[in-house]
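Here is the structure we will look at, set down as structure tokens.
For clarity, chains are labelled A, B, C and D in written order, and residue numbers in each chain start from 1.
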Amino acid sequence: MNAPLKGIVAYPITPFTTSGRVDEALLGRIVDDMVKAGVHAIAPLGSTGVLPYLSDEEREQVAEVVIQRVAGRVPTLVGVSSLTTERTLHHARHAEKLGASAVMIIPMSYWKLSDAEIVGHFDAVARGISTPIAAYNNPATGGLDLSPDVISRLLEIPNVTMVKESTGDVNRMHRLVQLCGEDVAFYNGSNPLALAAFVAGARGWCTAAPHIIPKLNLELYEAIQRGDLAGARRSFYRQLPLLRFIVAHGLPRAITAALELMGTTVGPLRAPLRALPPEHVAELRQILVELEVLPGGRVS
Amino acid sequence: MNAPLKGIVAYPITPFTTSGRVDEALLGRIVDDMVKAGVHAIAPLGSTGVLPYLSDEEREQVAEVVIQRVAGRVPTLVGVSSLTTERTLHHARHAEKLGASAVMIIPMSYWKLSDAEIVGHFDAVARGISTPIAAYNNPATGGLDLSPDVISRLLEIPNVTMVKESTGDVNRMHRLVQLCGEDVAFYNGSNPLALAAFVAGARGWCTAAPHIIPKLNLELYEAIQRGDLAGARRSFYRQLPLLRFIVAHGLPRAITAALELMGTTVGPLRAPLRALPPEHVAELRQILVELEVLPGGRVS
Amino acid sequence: MNAPLKGIVAYPITPFTTSGRVDEALLGRIVDDMVKAGVHAIAPLGSTGVLPYLSDEEREQVAEVVIQRVAGRVPTLVGVSSLTTERTLHHARHAEKLGASAVMIIPMSYWKLSDAEIVGHFDAVARGISTPIAAYNNPATGGLDLSPDVISRLLEIPNVTMVKESTGDVNRMHRLVQLCGEDVAFYNGSNPLALAAFVAGARGWCTAAPHIIPKLNLELYEAIQRGDLAGARRSFYRQLPLLRFIVAHGLPRAITAALELMGTTVGPLRAPLRALPPEHVAELRQILVELEVLPGGRVS
Amino acid sequence: MNAPLKGIVAYPITPFTTSGRVDEALLGRIVDDMVKAGVHAIAPLGSTGVLPYLSDEEREQVAEVVIQRVAGRVPTLVGVSSLTTERTLHHARHAEKLGASAVMIIPMSYWKLSDAEIVGHFDAVARGISTPIAAYNNPATGGLDLSPDVISRLLEIPNVTMVKESTGDVNRMHRLVQLCGEDVAFYNGSNPLALAAFVAGARGWCTAAPHIIPKLNLELYEAIQRGDLAGARRSFYRQLPLLRFIVAHGLPRAITAALELMGTTVGPLRAPLRALPPEHVAELRQILVELEVLPGGRVS
């Protein structure tokens, strides 16, 4: 089984210029900073990267910029999901051509898909590429909830080798291990579940938090790796207020606001998404002060 | 207030040729049959018309075919929703240019939208056109649930004059009347709620059922119009098994299967959507026999 | 099928004296007022009557007081539910001995019951009495949701002849009619659904509202009886703010507060239940003024 | 803060004789076996002990039998919940008189309680005793969901010193630690969450599993205590099939069936609860064989 990812899998936002185009320079810099900070993989075009809000051309542009900038220093996991099977396959092939280490697919819903439709969707894409595929379950965004049973069926497709679970329910992960065995390559996509998921056996943590606190993210992973339960717990609770905040307010809104607070000018979110309202920015600022990401003292 | 719709608002599927292109001829014929059967409006590019699964070009093509074929005999309500505000406005302008009587917008979700984002989305589109807009609430497909309070705010935008409610909860309609007054132009989009919604004051019923039973749909509306409660109830319960079936199995799947049973060859659904499985086709066939849409006798 | 109830089935509260005992005199007076106002049945020991908060002795006391006071002028429906089958049967026999026209049973949950357990519970009680039984579905209070399929199985037990549906979802009623036929004796227990339920075919409306607005409750029923859809709708929307309020705040709290506003001193609710907080009393007062139950003018 | 519990808190069933009375002898033997197996506390009259299905007299009888049999070897946590505040206080005083180390209170719902009512309920009981109180949150049985915010308010009541969380969502525990600090004495009541909860900082695991696998339960706790993450994970996944099973099928049903399979004759469950159906008994038997609780070989 070819599961090329582990550790901290960092999800960059897609920054825009003031005129609303993809800001390639800033995107490259964000990715570079993440790699230099030590993250174990880079995953462009995730939910954080507002994949579904981009045109086909912009999606290809983002994939190219990121893969070029990473330049093989760490693996890349490229989001290729679309509502139709045909478009998903198109993007998967493009990512493969660019040299992505793996692609990620979240089955998206307008009409709820039957289990047979979900399996057929993955199967059709998987037949068209040879790159490893991560199945992504996130009912809160995709609108479909893949049961552990369906996920175990997806993992029987030869190059569907990984699963990212973002329901935020650790019981799903336990069930997956029961169904698929302890070697199943599952990854956690729910930030506040980082500790419980690693303890349950997750190979990696898919997170946008490395925009802000990469060292703490890595510290938690390393504590788990050396079996240091007390250290992992301490590190987790330190990060938890930020992890809860970015999930509660939507990753693109929250990460953009944090970058702005930290001095990086990011362009406007793509409508209908809007910037984090001022009262929540103030709350975020306080969290960043407590994490010593921002200097303390008087909080405006 | 300009609310140009009432009665039976019929939602055509988008049929495809065997090669997967929009089948313009069949689409025109379906629409023509509906108008001749007496429906009060035609609504292309709804959920039934698999709007989100079409390319921008296909969407424009469908709108053109339908508006031309209807040729002003009844009003048209054209779906123009996209995930981004920019694309929604693009399609709204296109529909306006084609002469749509009204456009329908369902705010779609990947990232859950805040109330301010929802209102901002409608406001931006509304400013760009002068055609009346129907706000569409359908959390089961769009992934967002517009509360009666948010809907009442949308109805304050000058050309947002109608609301289509598809939660299937008649209490939402009662609440809307309480908030907005008895003149609020609301429409029911949940087929099994047709009777309760009309009784609650709905002006129309948005439904794909006229592909199959237009006479019964009209009969229910007319009974309500003349205050014939017993007649309305009788008509409703007669239709209910079909109405429940098409909702339970997904409108495009169910309507396509019914048309095939009735002798019209419709091409494949667009993947990942798949044809209704055989066991459900058999159930549907039985319902159609009982409705005398299909000849009775031995059901295979 | 013996279903002795129809129309407005009024649910009295269980009033207490200041020392916390059942206030027999006030209970008798409340019931008498309801009968004189014209309601079609009286149902002591319902949710409104805080059945589960009473001792066995108090339950028997309330049943006696009410049945004696009604004195056969209208049918009585006595709540006899307990968590155990043994206690339920005990109370059912007591009510039968007192001459109750029917008894009502809500299967209560601590451990969720299987369908077989629910059916077994009703079956065991039904075998022990000959009085007609109404099965009561109210997941919000009882903690169990009886599906239409389970309800249809309960209605096969010889003396389970009626069902009270309080989920607030009119689709459940439609489904029940589909499963059991149009003669099924179902009653609506969700106040805000009064109109939709009658239109769906409900024989009666189980409600605590006759403490406050018996004339309006009767007016709605009578409009339905004579097929006056417009009149029924008008009457319904007039009552709706009160109906929504008493459900939103809990019937015992809301009815007690309304009686106090209307000049009847009711003792304290049984702890842990507490009196409606002042801000909600003010809201209720305004609703009562608009209904002309209380004199208008300056609202303190 | 006086929180006298930690480790494996074992919840005995309440066994009945064939005539339906509490089987004191068997209850004593079950408790004795648990203490000898090394559990850290005994908790009679929990959900497993079918507290709400017992008469007041039976409850007092069970408390006496268990406290006498434990005889101070480990702490006791006695369930004292009732729907009314008055009855809860009555049982709390009785448990205190018997020498219970602590009492547990789950606020039970027929009418949903407001936060003020919940706090008032605990406060009234807490004022009447000096024994430490564990607040118990289990919406699946009690019907009320105590938010972390409400729990933190309960923990401000002087002798409410512990909280048992049974929602099965580890995020609730994280939130509790954030709100109340790392010293908060919380206990996990969701068996499948045993590992995640200990890692989150739970002081103990409230469980009926020691009827069957006390050694494995203790092994998990001890692995956590010595910071052995890999050992804890291994032990957890070994137990998980049984933990999931007993929760899925209801603890009294599942534990009773397991004891019968293991050779202990337990009387009938109290109606409406019924014995585990044969197909589930077969599944349980297989799980017990795999755990080597039952001898392997051919499974009938």
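The criterion applied here is as follows: a contact is a pair of C-beta atoms (placed from the backbone, for glycine too) under 8 Å apart; a residue touches a chain by one contact, two chains touch by 3 or more.
Computed from a predicted model, the values in this text were never measured in an experiment.
Novice: With chain centres defined as mean CA positions, report which chain is farthest from chain D.
Specialist: So the chain farthest away from chain D turns out to be B.
Novice: If you average the CA atoms of chain B and of chain D, how many Å lie between those two points?
Specialist: Roughly 51 Å, centre to centre.
Novice: Roughly how far is chain B from chain C, centre to centre by C-alpha average, rounded to an integer in Å?
Specialist: The computed centroid separation for chain B versus chain C comes out at 38 Å.
Novice: If I count partner chains per residue in chain B, which residues reach a count of at least 2?
Specialist: None at all.
Novice: So what shape is it, when you link every pair of chains that touch: line, ring, star, complete or other?
Specialist: The chain contacts form a single closed ring, each chain touching exactly two others.
Novice: Would you mind writing out the residues of chain D in touch with chain C in their complex?
Specialist: Residue list for chain D touching chain C: 47, 50-53, 83-86, 107-114, 116-118, 120-121, 124, 140-143, 250-253, 270-274, 277.
Novice: Could you please specify the touching residues of chain A with respect to chain D in the complex?
Specialist: Listed in rising order, the residues of chain A that touch chain D are 168-171, 174-175, 177-178, 182, 192-193, 195-196, 199-201, 224, 227-230, 232-233, 237, 240-241, 244.
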